[in-house]
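Chain nomenclature is as follows: A, B, C and D, assigned in order of appearance, with residue numbering initiated at 1 for each chain independently.
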């Protein structure tokens, strides 16, 4: 059964230095509040997994939380580069980070395989791409029935996954709606999971085949109102495209970034 | 009828026209998304647009800034999980056309969105593969659209993120269960198609007012021209109006958000 | 785009003698009306695929439509044996049929792999079971990352899949709701597909993540009101447990069965 | 307190008591389903019941006749596709207990639901494996419940559909990522558990009024008894009342349908 914790306590308990962490959300429902809590608690040496490391990982990397990033598309969607990620990769500021890169198909299948308890994902991929030459975690196997050569990648099985969702009921069952990305897979694939939600309700009011994650498949639930901003929560609030565009200027410069982090994360409280 | 239009508008309209009504199109963000939605709002009302965020058959009223904008989900027939999108819909063979942009493209239409320079010490780190590597091989065919420049059109890409026809043009030969690959490249200057034999990109159509020299100047290899070089039809008044309205709506909406 | 056809025309066009056919429905939404149409049209030498061949396949086998059945659980749910299936397997009446049997996990994964365009499914299965000794389509592969031995089976890719669903809109998009089984997978895995529906509506009224199969992924849609009876359609009508129990006596005897078939299928019309 | 009850009721109540509150249980149809729902309605209100039809955390008011009755979906927390059920929920390691019935069981708790006789020329063709082969290996542990008889309890099953501990009792040794296997077998006469060393089933508890001879008589091999043979506690009045109400409700509902 999921435990209701404050975001502070959930992150303190489940995100250990050195852990492998997946914070998912495909443009929608990105767990920004949780990411900021990880920064505030000065977690270090994390291996960060995410299909689309956008500005939440840029912030965490700039804050020095990461030692490695596993991803398939790293950018500020619709805007441009992630300057903090590039600064870390290219110049080692504030610390050197290692990257391991995949395609979306590979990572989506790797999350699926992780949720399915398998050691690897098999798919038709990476044909003619040079990514296998720079990622030794991409292998090829032969179909025993047809002889076709198929790609294989290790499944994703994080120590902890963190997602944001619309709401939970009082038993801790979680409803995710709209663009659901790989969030359910991330939770099911992980040893532990934290779900931040907009609100706790008496009844999820979910239709029969809704994306509901049962309480007993989640470690902790923390209320984080507007916890996905500047990304959005379907049915609650829209995306701040404005902030995504502003981020480019903030992240370009180390000092501007550091000041922003102080003002908006370190000195912005968070929950007790 | 002589209309005023920009080379960007010419590119978008030409790219849009490449899509036929009823086609199923896996849409990349940016220029492909603009072209695909223009097609849907003009000659191809039943074109089916799919975005990798899991939104199936979506009809956004404004262009999405990101691949997962709420608008895409709200106007979709249904929204599936991302693993399902890549497994059932793309790999499952339900996509006729993958519509891609890129940072670099070479003469065999290989795409690079990984980095400029050397992998271990990149000059410029780009976003990475995203959906492109498997869109390019699992879709029935691939359309590519980007602005023409010597930086973008290089003889050999620094890194093959996504297969066009391989570094020797033979990358799809004898590979089972693979799509036709890039069948056309639409730029702000011209339309290119792969040579049926060698798979090297050849200019088949020049946009109005563009000279061969303009294209040669903007291409990083000795670009060839088709014997029957055509002139790309101009945008119609209706296409330009709809494109401009779409962009204006989009700008207003994004300014508000 | 799906074409709206009568059930007669849809079956006539897409179900060829000798074809591989999957008629799915996991207890819920079993396409009985379509099965009866296949019987009426005297289709022969079909390879019938279905996780749970219950009385619909018992009827088709007794009517002589099948030469082979691929399945994972063949019984009359909650009642007992399928007497027509047993008579065909054990005594060759009305014709000999071959069986190829799997576990549910294998077939569910094989449908998934078929929908995913893969030649095989990989899963952790058949450990210690003797099913691999009687089914040469079960093989084992080694994970290139962990060395774990995993089961592999060929994906299911029928010539035609037939399912029943609640409703379609006028463009031919289909809504399936409730116990969705492997129906979507069956449709996506097949070369052609027929969907029978209770009704055609203006608007599916589906929530954002509903199980909707787009028109362009379906070959033909045929209206078949109460088309799942004696199984049920969530939101429309309940299951006739009564008939499932009666079937036991009907199917036990060849003559009783033949009479039932004449009265209820051959002389029961169907659509023009 | 001496209550009147049948041996079937004794079996169901004992099987129900095996489930602890909060456990996640993948439920087979028939006797396991009856026991699991009795547990939920008595001492284990938060037991999570999962049926292979995709219904997660379901709370049927009446017992389903089939594994996919509408009642299961309507009372479920949510309903997922069958491939997801087997991949994410069972194989993904979310199930504590698989609760199975069977046609035949042998001394190493291997289960046969495939056929009696020879595979090529069966004397009796049974329904087949269904979910059992993977439930038995992917669930944390397995409970089995069936009526005791010499036809059902055989020295060696005709066919190992579903692994108990293998034909030599060593079938789970050194197999990675596999559950503990059958940890108890509940019949209308007794409770059996595998010997910790040899994995052979041993009677650990006799139901009230049942003698060793009754069990010996109904078992197809030389059954052993634990040194500390216990007497199974009788059903309580409450358990019997709730079980009978459940069965009466079920009968009424199925008669109507």
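In this text, a contact is a pair of C-beta atoms (placed from the backbone, for glycine too) under 8 Å apart; a residue touches a chain by one contact, two chains touch by 3 or more.
Bear in mind the structure is a predicted one, so any value in this text is a computation, not a measurement.
K.L.:
Could you quickly compare A-B and B-C and let me know which has more C-beta contacts?
P.N.:
Top pair by contacting C-beta pairs is A-B.
K.L.:
Could you grab the centroid distance between chain C and chain D? Build each centroid from C-alpha atoms only and quote it in angstrom.
P.N.:
For chain C versus chain D, the centre distance works out to 28 Å.
K.L.:
Using Cα averages as centroids, what's the distance between chain A and chain D in whole Å?
P.N.:
The answer is 40 Å.
K.L.:
Where in chain A do residues touch two or more of the other chains?
P.N.:
In chain A, the residues touching two or more other chains are 112, 116-118, 123-124, 148, 178, 180, 184-185, 208-211, 234.
K.L.:
Can you list the residues of chain D that touch 2 or more other chains?
P.N.:
73, 79-80, 87, 91, 138, 177 - these are the residues of chain D that touch more than one other chain.
K.L.:
Every pair of chains that touch: which are they?
P.N.:
A-B, A-C, A-D, B-C, C-D
K.L.:
State the interface residues of chain C toward chain B in the complex, per the touch definition above.
P.N.:
So the residues of chain C in touch with chain B come to 1, 112, 115-118, 173, 184-185, 188-189, 206, 208-212, 214, 216-217.
K.L.:
Could you list, by residue number, the parts of chain D that touch chain C in their complex?
P.N.:
29-30, 52-55, 64-70, 72-73, 79-83, 85-87, 90-91, 110, 114, 119, 122, 125, 127-134, 137-138, 159-163, 166, 171-172, 175-178, 254-255, 257
K.L.:
Which residues of chain A touch chain B in the complex?
P.N.:
26-28, 51-52, 71-75, 77-79, 81, 85-86, 89-90, 101-105, 108-109, 111-112, 123-131, 134, 148, 178-182, 184-185, 211, 232, 234, 238-242, 244
K.L.:
Along chain C, where are the residues that touch chain A in the complex?
P.N.:
Result: residues 116-120, 122-124, 137, 139, 141, 143-146, 148, 150, 152, 154, 177-178, 180, 207-211, 234 of chain C touch chain A.
K.L.:
Sort out for me which residues of chain D touch chain A in the complex.
P.N.:
Per the stated touch rule, the residues are 22, 24, 46, 48, 56-57, 73-74, 76-80, 87-88, 91-94, 138, 177.
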